[in-house]
């Protein structure tokens, strides 16, 4: 999970310690690793409260009125950027969407100089997505203000709001995690979603978390020791209560020596037939965007057991909760 | 007016029926076809009221406070996207401008999956521009929420807010449409503006609508039967009270076997000399952006008979009116 | 400082006269040239008041509620565009960021037609950056409404808000300018920052302004007559109270026949050793983004004498002050 350092910069500092202040309170959200069950539950409760207010037709809040949230996305993203954007705006924040292509990185300004510049402009939070694991932590370590960093996905390291929103979604259907058998299937090795999901599920007491991947796409042996490992999806899914499918990136398929998408679907795709091997009420999740017919059949993705669009809906509330948690108490009168 | 279906998707459903609810109320705005004179006048009155409030220095309204409007533009556009953006913001809505190039369509997510994702995030309206006729209707047919679709221009099919704003602009100068002779001139065949304008004018009782185009750029014989057809602009413009010029796309000029822009201007351009053949008070309109010296002379575009910038101004009020009509009554307490 | 005219357009009109109304009040901000000491001080005082309110935790103001500010950036920019965006939003304005690449200039619409279109949509201010000197003045000369133009940098002509923010920053540390010896060093010839800084400093009574550049990058002999000129940086910096370093654009280095960045740094870079030749309390400024190791050493840029991030912070307050000055009194009831 270590990233190679950016040129001229330090290796990624430990996100687990960096995100807590001296009192153990959350100061950034870089990873779910190391967060207590209580901390996770507090965030989920806060998200539920925001969801209930929205269901009741409440107008947007002004909890973050006067605060500025910057979306710093160095990878293209539809849903995550829009989800953070809406979450911040619906809390009354000013949002700056930083278009990386047209920014001063064009002029060779380093990422850290850009962050210091935005801090000087009194930006209060940085939502960061970057293909290099550790970039959000590296930014957090070098901040000069009380700003917060929210990891919106860094390399294969972590995607903590995805882990939270998956936990929130699942909990609404299965409030008791203790007997749940959850399968996460796909390219676990390169998946920040798998890591954050597994950490959330284990911290919240899930009965069993099974990881299923082609051998070449399994994580290193010492990683995620609290999970059971499978290479055969039919075996992994047997009796499962929840299946979380991961998006397949085509270049990874080739590195796993899988000749075609059809072949991948045959071995690691979630078809209706394969889903029938799970518990009859088994729930289906996917972080999106889905590759129909590659890792999941359309009939399953759109079927009655699918929670995929609920995940999207909950994503906004989880991000509102995290922004409120990190920003609301600061600079308060 | 039928679009070829998007790969793997259905042919466009009938926009005329789709946009009305069971009570005949407007649920989406996909086309002006089939809208009653009363429905059109209600929208124009609403736009006039918003204009009057703005003229009196009223602050922005919060009619759409808490609502989210998504601009889904799959074609580049300055004025229409900005006009919708301002309209929504001035009603207090949250606006998401969806940058298609940097979105997950990059990752191969289908348009419909993107829309479902945005609906799950509780977006209330989709303003859609697409080069394929029928795309807004296709989206409207597959919505899973009470969201509204506003057609901001689809192929050669319709541009309903342009039709409305042109009617609004004209009505301020010529309240009685019954004796008006209106000429629409240019590439009628490929023009969504021409279709929406003609439908609005006819529904509002215009005395005569004349369509003038090179033979290759005239619409099919069965289309727009309520209009008179011309190929000779000098003949079409004789005695006209209004001339609506269309933007020429250069690739169309070649398909009409017209060798040069100068030649096009000679035959179908609106020069001062040609305008002199119309009624002395003849008004000049153009949806913009204009090609100076191609379909219209600069002296005419900037002259005293031109309403071009009034059209732009009215566009914002018409879009505010449509957004208010479609969104304000929903989810109300 | 004259720009070649845009094709089909007039040469740049005189910004100095154009920006004042008949009563000598500021109507646009195109240049600092010709502004009185009182006018400059009023803007700085206004910026200080906004800063003090922000320091005291004041919520954003609604001074510009209902106003629309358009960012028209024809050159990529991180900090300036974001700074104006935040300034306008924090005053309650609606902001439209005009993405030039995806705009109708694609369709061949001229810049002036675009501006007239945006005026018709009731936009109140245009923040313009363009590589051609004189573009903001050209726009201001052809406006059809009471809108204001704010120059955010035009060619080598002017960057007036940078001049103001540099004066504001310096004044907080050195309230009395009369004895200050200020060095501006780098590619003066092509620098709009150098011109606006020198004009502000002279108007505010700076004791001495020294310009230091390689001979090929020095301004024309008749320009900036109130400044002393140097080619040797060691000589220029001797005893200085402030050093303002300019960003080097690599293509300019070659035109100055300087073979490498290391060579440039050796002759015109601000190293700690060179800074030691200045007054011991000498302050260091740079408009950013900085080229570390090219025009300034990292240790100096990040050192205790550097005001670089204070400049960024003050940029937002100066832009708020200018927007408030230009927009607040208009259309008031």
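As written, the chains take the letters A, B and C, and residue 1 is the first residue of each chain.
The working rule: contacts are C-beta pairs under 8 Å (C-beta built on N, C-alpha and C of every residue); 3 or more make two chains touch, one makes a residue touch a chain.
Just so you know, these numbers come straight off a predicted model, no measurement behind them.
When the CA atoms of chain A are superposed on chain B, the rotation angle comes to 120 degrees (nearest 5).
By the residue-number overlap criterion, the interface of chain B with chain C counts as different, with under half of its numbers used by both chains.
Per-chain CA centroids place chain B at a distance of 41 Å from chain C. Residue positions of chain A touching 2 or more other chains: there are none. Those residues of chain C lying in contact with chain A across their complex are 54, 57, 59-60, 76-79, 82-83, 85-86, 89-90, 101, 247, 288-292, 309-310, 312-313, 315-316.
Those residues of chain C that touch chain B in the complex are listed here as 65-66, 68, 94, 96, 98, 102-110, 113-114, 116-122, 144, 331, 333.
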